[in-house]
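Labels A, B, C, D, E and F are assigned to the chains in the order they are written; within every chain, residues are numbered from 1.
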Amino acid sequence: MSDRREATVWPVAEAAAIGKVAEIYSDIRATKNIDFVPNLWRVLATNPDQLELVWTRLKALMHPKAAGRESRLDPLTREIIALAVSATNGCAYCVNSHTTAVLKLGLDHEALGEVLGIVGLFNTTNALADGYQVEPDILPPI
Amino acid sequence: MSDRREATVWPVAEAAAIGKVAEIYSDIRATKNIDFVPNLWRVLATNPDQLELVWTRLKALMHPKAAGRESRLDPLTREIIALAVSATNGCAYCVNSHTTAVLKLGLDHEALGEVLGIVGLFNTTNALADGYQVEPDILPPI
Amino acid sequence: MSDRREATVWPVAEAAAIGKVAEIYSDIRATKNIDFVPNLWRVLATNPDQLELVWTRLKALMHPKAAGRESRLDPLTREIIALAVSATNGCAYCVNSHTTAVLKLGLDHEALGEVLGIVGLFNTTNALADGYQVEPDILPPI
Amino acid sequence: MSDRREATVWPVAEAAAIGKVAEIYSDIRATKNIDFVPNLWRVLATNPDQLELVWTRLKALMHPKAAGRESRLDPLTREIIALAVSATNGCAYCVNSHTTAVLKLGLDHEALGEVLGIVGLFNTTNALADGYQVEPDILPPI
Amino acid sequence: MSDRREATVWPVAEAAAIGKVAEIYSDIRATKNIDFVPNLWRVLATNPDQLELVWTRLKALMHPKAAGRESRLDPLTREIIALAVSATNGCAYCVNSHTTAVLKLGLDHEALGEVLGIVGLFNTTNALADGYQVEPDILPPI
Amino acid sequence: MSDRREATVWPVAEAAAIGKVAEIYSDIRATKNIDFVPNLWRVLATNPDQLELVWTRLKALMHPKAAGRESRLDPLTREIIALAVSATNGCAYCVNSHTTAVLKLGLDHEALGEVLGIVGLFNTTNALADGYQVEPDILPPI
């Protein structure tokens, strides 16, 4: 054991989960079709209410069919949005996780380059629009 | 004239554009199929090299066919990435502009709500992953 | 010694501190009631004026009694603010340090989960308010 | 009516709300003890599922008693966290709203100055820790 | 008077300043060689300790000669750093103020375009480096 | 080989580069006067168009002479802007790279401390101006 815990709290191991946490772990594995519970969820499980609130919202938005909802966006578009947000925020865990997801959904390395290129570009234009204090264009209503 | 200039610099009016700036203005109107030059570009035109560098890059990534390139992403996905970045950065001009673009490309208000919901969700999970110092999952290579 | 220095500069070791730096190191240990000088301060000591400016402000705001000031906030609330800012900025060193501080001040893992849950939530609503370009509500003065 | 809509979408007026939206509007007014529905919620109502997901999570975290949950933090601390996140993100709507909330909960202008001073301070130390690439301190487990 | 206060608090008018606040106002006007006290300082004056802490630090770093310190950077470089930070953060008040300062110090609109171009570029490469999870290069010590 | 790739994609090795990528690698080594291609560029090379777009823009703005352009800013000022943006964004790779660059260009550790001190200061004032919702000052045109 190292002197320095890496995560802030001790993640709740899958074998140690009981009650609501065990149910959500099981739902995560089934919904995401994976055979382990990713670190973020095991860490959130240190506060079971928190785990439930975030998972309910994530399931509704990212796995709508499993949540009994209709989505207007396809799964790859949803994961691309997650990756765009994560790269803009510089969240290492999140970039790692959503990159895996977009590659699994069929995006290849060249197309991933295009996604990140667009993310990079709009970090430029955002800084320029803010930096030059550009006024919104007056546009006709759509 | 007001005491307070809104943008930092005086945007270059379309009627005043000459040389390289006039050519790029014309390319912007044609490529984007609009009959005016948006404020961001008129502001960038105060430094014509800057205008050219940003427009070249944006045209290549956002209007690939016009730039003689292939894209692996469809136009709506590209604009959704731009909107995700802009909302995450809180850039008002940019959100305004890319919202108009996604609506023009056929996204309706309900689907826009879904996009922004996903943007909001991953601003949550990003903060949680950073806040809890979650370690990346060890994943098999894809 | 590795080829790659981890911090940008060589931190000033406690044994090597003289003059103003030694005095501030001593004040840091006494004020924070710890027996070592954390890395951030040893790095700031490479520019002693910098060290003094930041320490003076931090001591006044975070250890007001030691600075001869009154505070309207209790110590845990002050550290929770520091943690909220750090998680929102995604600053790894800072999250690590302020998490230790809030745990030391008695917050347990479940309550920490609640703090980070609120931090996560308002990263959502911030992105939604910016993304939808929501107008401020007209409120009566308080 | 101006040419330029300020928000992206037409907020759902209170008089126009039906079904699930009307119920949530009513819950917002009762839970927050106000006689109007703030703009953010009326905008989210353009996608009723979205409205429900965000309101459920916000109610659970910010109004725990009304949601039948226990909270370990007092109401003012919760709103101070929201304000710290919003000021760090530079979200104008959010800062406006949470400032009103902390003042309502009894924070006066001087104490508000202390909160914002701490927010400002840790935006400094965050930038310094990232800028100097400071290594986390090796701390004993708590 | 409008229903909606624009700033959170009532700024302390120059005519109403007494004691420490009056002294600092006077120092701000003299140090910056202007005949009014900018809004940020009049707002900070609602908490005089806060005003003093921020002004002391800003004076030391931005007006070193007046603070009896030596600086290794020239005044324009210092203001360019302030502008780069402000555009990256998207802080409207700050961009407005530091743009005025760099123009006063002699930067013309074309060179301002170059500064903002570099700010925009590195917002791109930052997002790309984070998005691609690029490892630091192993470099020889300097 | 570890189970966990560090970067998202396999960087294109210098020995494996052909065609446009080989040309740009060569241009990077010559323009930057280094004997290796930094990781960021080898990662971008997984999408050669992307590599070309970012390198063209970076070369024009950061190595203007090599690109046949005039710059109004000196090389150190340009790298200081890059460092200010990177520290504000908390991008570890970027801070590492631009710190090396400013040290190579002659900034010593004390002056580096001054740069980062100013970066830190304006992350404070940005948060304060946003947090207090400070109105822009009405200034005479420059």
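In the analysis below, contacts are C-beta pairs under 8 Å (C-beta built on N, C-alpha and C of every residue); 3 or more make two chains touch, one makes a residue touch a chain.
These numbers were taken from a predicted model, which means no experiment stands behind them.
Engineer: Which chains are in contact with both subunit A and subunit E?
Structural biologist: Under the touch definition, subunit A and subunit E have B, C, D, F as mutual neighbours.
Engineer: Considering only chains that satisfy the touch condition with subunit D, which of them also satisfy it with subunit E?
Structural biologist: Neighbours common to subunit D and subunit E are A, B, C, F.
Engineer: Compute the shortest path length in steps from subunit B to subunit F over the network of touching chains.
Structural biologist: Each step joins two touching chains, and the minimum needed here is 1.
Engineer: What's the rotation, in steps of 5°, that superposes subunit E's Cα atoms on subunit F?
Structural biologist: 180
Engineer: If you line up contacts by residue number, which pair in D-E, B-C or B-F shares over half of them with A-E? Let me know.
Structural biologist: More than half of its contact pairs match A-E, so it is B-C.
Engineer: Name the chain pair with more contacting C-beta pairs, choosing from D-F and A-C.
Structural biologist: It is D-F, judged by the count of C-beta pairs in contact.
Engineer: Report the inter-centroid distance (CA atoms only) between subunit C and subunit E in whole Å.
Structural biologist: Chain centroid spacing, subunit C to subunit E, equals 21 Å.
Engineer: Taking the mean of the C-alpha atoms as each chain's centre, how many Å separate subunit B from subunit E?
Structural biologist: 27
Engineer: Can you tell me which residues of subunit C touch two or more of the remaining chains?
Structural biologist: In subunit C, 8-9, 44, 53-54, 57, 61, 85-86, 88-92, 95-96, 99, 110, 114, 116-117, 119-121, 123-128, 130-133, 136, 139 touch at least two other chains.
Engineer: With chains as vertices and touches as edges, which is it: line, ring, star, complete or other?
Structural biologist: complete
Engineer: Please name which positions on subunit D make contact with subunit B in the complex.
Structural biologist: It comes out as residues 8-9, 44, 46-47, 49-50, 53-54, 85, 89-91.
Engineer: Name, in rising order, each residue of subunit D that touches subunit E in their complex.
Structural biologist: Per the stated touch rule, the residues are 90, 95-96, 99, 109-110, 112-114, 116-117, 120, 127.
Engineer: With touch defined as at the start, can you tell me which subunit E residues reach subunit C in the complex?
Structural biologist: 3-5, 49, 53, 56-57, 60-61, 69, 136, 138-141
Engineer: Which bits of subunit D are touching subunit C when the two form their complex?
Structural biologist: Interface residues on the subunit D side: 6-9, 36, 38-40, 43-44, 54, 57-58, 61-62, 71-73, 77-78, 80-82, 84-86, 88-89, 91-94, 96-98, 100, 103-104, 107-108, 110-111, 114-115, 117-119, 121-126, 128-137, 139, 142.
Engineer: Going by the contact rule at the top, pick out the subunit D residues touching subunit F in the complex.
Structural biologist: Checking each residue of subunit D against subunit F gives 83, 86-88, 90, 92, 95-96, 99, 116-117, 119-121, 123-128, 130-133.
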